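Letters A, B, C and D name the chains as they come in the text, with residue numbers starting at 1 for each one.
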Amino acid sequence: MAIAKKSVVWGVFAAGGTVAAFLFPALIALFGLVASGTVPEGLEYANLHGFASTWIGKIILFFVISLALWHAAHRLRVVFHDFGVRKDKIVAKAVYLVAAIGTLLTAYYLFAIG
Amino acid sequence: MSKRTLDIEVLRYDPEQDTEPHFMSYQVPCEEDWAILDALNYIKEELDTTLAFRWSCHMMVCGSCGMMVNGEPVLTCKTFVRDLPKDVRIEPLENFPIERDLVVVLDDVMEKLQMAKPYIIRKDPPPENEEFNQPRSALYKFKQYTMCVNCMCCYSACPQYALDSSFIGPAVLALAHRYNIDSRDQGKSERLDILADHDGVWNCSFVGACSEVCPKNVDPAAALQQMKIDGAKAYWLQKLPGGKS
Amino acid sequence: MSRNPYVRPVSPTTWYMRNGRYIKYMLREVTCLLVGFYSFFLICVLAILAGGSEERWLAFLASQQNAFWLAFHVIALLFYLVYMTFDWFQLAPKAMPLQVGEQKVPPAFIVAAHYVAWAVVTALVFLLAGVF
Amino acid sequence: METIHADVVIVGAGGAGLRAAIAIAETDPSLEIALISKVYPMRSHTCAAEGGAAGVKGADDSLEMHFNDTVSGGDWLCDQEVVEYFVSQASRELIQLEHWGCPWSREDDGSVAVRPFGGMKKKRTWYAADKSGFHILHTLFQTSLQFPSIKRYDEYFALDLLHKDGKCRGVVAMEMRSGRFFAYHAPAVIMASGGAGQVFPFTTNGAVKTGDGMAMAYRAGIPLKDMEFVQYHPTGLPGTGILLTEGCRGEGGILVNKNGYRYLQDYGMGPETPIGSPVLKTMELGPRDRLSQAFWHEQKKGNTVETPWGHSVLLDMRHLGEKKINERLPLVRELASSYVGHDPVKEPVPVRPVIHFMMGGIDTNLNGETQMPGLFAIGETACSGLHGANRLGSNSLTDLLVSGKRSADRASAYAKETGRSEDNPTLRAQAEDIVGNVRGLLQRSGGGETTAGVRREMRDSLESGAGIYRDEKGAQATCDKVAELHERFQGIEVNDKSNVFNTDLQQLLELRNLLDVAETVAEGSLQRRESRGAHQRLDFVGRDDENFLKHSLAFREPKGRPRIEWLDVTITRSQPGVRDYSGGKDK
């Protein structure tokens, strides 16, 4: 017997959960603000684009988005199980695949922003 | 002392007669300061000697009197009549097969207990003719996890165990963690190899119900999360050059 | 005849209806949908930025400015705070207990520290975003 | 009936039984051990022990002093070679437990902490807060899980011994969950079935302590020794009888009567010591027999407090402060708050003497050997002569380990020497008999008696005739009553006819054992016409070394009351003297 690979996803899940717990309320609030009609300065095109063009900005965005994705994916796997879907292997493949695609897209777009 | 009569519904099951369990009602004149266990003993002595249930110490340490009282897994010697409504429903611990009446089959957890290797594992011999030195700070790290009375209430509360009984479960994993973090022990990696595998600690989704119902404040949920962290760390350590694979 | 242990059935799909604490747990777990949603939402934002055209960005912002999205974000925020963020903080001391010498740091203290840190982070994000 | 062969059968998986099992498994893994227990090991009543286990620790302490405390505490009825061996092994066993992971409380420097205990001249009681027995039991149980040669039979109720040609050959037991019977054949049987406090109405002893092992041995012709010595613990919670450990007083708790007066100074345990700094071996740290007797007198004088649960005195721990109580006596706080609604941090807690421990038991020597070759007995069910007429608190837990280890060594040697027992017609017939007897109990009908009814009368009778103070008339009445109840036992019907977990039947079987034990307690109380230790006769005040520096041995008679024989006490170096608890004046 050996320590299961699940420990790896679990580690990412935990890290992602922490990121999501701390940052996402603020992000949701920002989009809420946009929806209410006021676009905060930071979300103006130039500022946002500027931020995403810096290395530090890229690194932050990459980690926040991808960790949160893996957090969501892992939890979703459990949710499927908890709602009675017992094809864990397939579920796991599916949710992690989506997370992986999201991670790649994030990296790709961040690159593309230049 | 004043009495209070409770209407107690007890789930009964006689495997030799019944195809499934059914409730039976008893009116029990309780003393004010009784625990539910006293009411059960009253039933057994005065009303119906055929009722089967386990108990021994009547002082919250032997762990044998765990049952569902009004839907919650509790020690019946620690659950007082004064804190209950007039209608009380007593059932055997959930998530275990019913052997008879309020007695459940515990084989599964008893077997799992063995898997946790709940004993000190040493690579070096212990000090000769004297005790290990263990500062209180080291003792208090794991002390809480030594308080488990094996009442199995946490197993009754844990939905992951309910959904899939191959999960090793809260009390056993907490006990393994207790030894893992005991300064005298050197068997952590041996235990993690078994317990951080499938069916082990990863099947816990941190519902936390185990800790909410634990009558001894063991907080198995905490132990399990810490064990996950230890497991994840150990995984990478094994991957490192020089680590065992 | 003798032993014949009776196994009580557990419904794999509706088990959580048995007890309030399970329902609460399930609400926490489904917050993952929100995390997933907003993650992809952010990826969309990146995609637009990567497109390099300000018009498209403004069009995107405009498409956001309506009652539906406002309601969505407000509800999402409340739900998220209660069942994800605060819950996560509540459970943090279990996963990472602190002990100073012989004394366990009270869990309430650790939880409180999380709230403070969260407030700081949130303020920082707002500051960066130019909300104030 | 199924037959199971083993090299050693151990009946009882409490502290004593588990220690013995581990000792055998460690020294010779080839020996198969069958460990039978009527409850899961961790439910055994060792878990209830709170205060701690004695073993010389400090540099200022010595084996000699532990020996002297034990012998004088036992009012010189101790067999001194047993005591000598016991004190010499005590600390080694406690260290062994530490190596196995027992979470002993610690001093500032990280060494194991010791606390003062009643009747002990030095601090030598090792403790794990106030759950010492609990931690000892769980440490032993968990440690035992690593030995594949220990085969457990949990929730098997042992019924009676198998023996042939005067040698013990095994035991018959019933699996509770199936009602099936099993004959265990083994050359060596170790009885570790615990005490018998349930013969009394008001006790700290759990439901499991029904003297089964004592009764099994007694029925097999082996005498029970010193059964008249029954210890009352001075501080039980009124109502439930739940124990508040002697550790309460060890840490500095005081006993007062309704006038707030520390009455112990009136009973040879003065002078009064300062509150909060207890002095060893005096006042509240006197021995249990003396403290319980003092309560009796206070009650007679009308100095006790009336509570909803009867007369009590008050145990005041408020001056210890919340921090110390939480650290050292958390269980006590929880128990007192839950069961009598008094938080010891804020108010004194009502307490009263309560039946606690059987000094007597199956007659054994230092090795745990009984008069029947092949049968060993250890722990509370045995009487090796260690505790004499009054056990000192915290000597018992240590005894489980010391006697468990020693007799395990003897039993494995004996088992190897003797070889496996064969199935043979005599034993088979005996086993059938035992089983037939139980089936008979199950099947009989009619008769207006109930288990609960007969049990209650037995208990009340023991309390009135064999309680803290006894006299000829009362003891005689109890003997007669128990004999009568033996008859009436035949009129009890078992309502429950099920094979599965039939606790109705189990309680009846336990009652049979209790009645057997009860008759020896009563008879001993009647025939020991002196006052010594826990046995106090109002009509024979004072110790009578001339006639009674002897163990009583109760033999079962096929008809009628038990026969008592007397056996000399082994004295090696301490001649009977005065038990002095007036504050450090003795040598």
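The rule is short, and it goes like this: a contact is a pair of C-beta atoms (placed from the backbone, for glycine too) under 8 Å apart; a residue touches a chain by one contact, two chains touch by 3 or more.
Predicted model only: the values in this text are computed from it and were never measured.
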Partner chains that chain A and chain B have in common: C
Result of counting contacting C-beta pairs for C-D and B-D, higher pair: B-D
Chain A-chain D separation of Cα centroids, rounded to whole Å: 63
Between chain B and chain D, centroid-to-centroid distance (C-alpha), Å: 28
Whole-Å gap separating chain C and chain D, where each centre is the average of the chain's CA atoms: 56
Cα-centroid distance, chain B relative to chain C, in whole angstrom: 30
Chain D residues counted as touching two or more neighbouring chains: 177, 499-500
Per-residue multi-chain contacts in chain A, two or more chains: 14, 78, 82
For chain B, residues contacting two or more additional chains: 15-16, 99, 105, 136, 159, 163, 205, 228-229
In contact (per the touch rule at the top): chain pairs: A-B, A-C, B-C, B-D, C-D
Residues on chain D engaged by chain B in the complex (per definition of touch): 39-40, 42-45, 47-48, 92, 95, 98-101, 103-106, 108-112, 131, 134-135, 138, 142-143, 145-146, 154, 177, 206-208, 239-240, 242-243, 308, 331, 334-335, 338-341, 450-452, 494-496, 498-504, 507
For the chain A and chain C complex, residues of the former touching the latter: 14, 16-18, 20-37, 39-43, 45-49, 51-52, 61, 64-65, 68-69, 71-76, 78-79, 82-84, 86, 102, 105-106, 108-110, 112-113
Touch list for chain C against partner chain A, complex: 11-13, 16, 26, 29-36, 38-43, 45-47, 49-50, 52, 54, 57-58, 61, 64-66, 69-70, 72-74, 76-77, 80-81, 84-85, 88-89, 95, 117-118, 121-122, 125-126, 128-131
Residue ranges of chain A in contact with chain B within the complex: 1-8, 10-11, 14, 78, 81-82
Chain C-facing residues of chain B, complex: 13, 15-16, 20-21, 71, 94-95, 97-99, 105, 136-137, 140-141, 159, 162-163, 205-209, 211-212, 219, 221-222, 225-226, 228-229
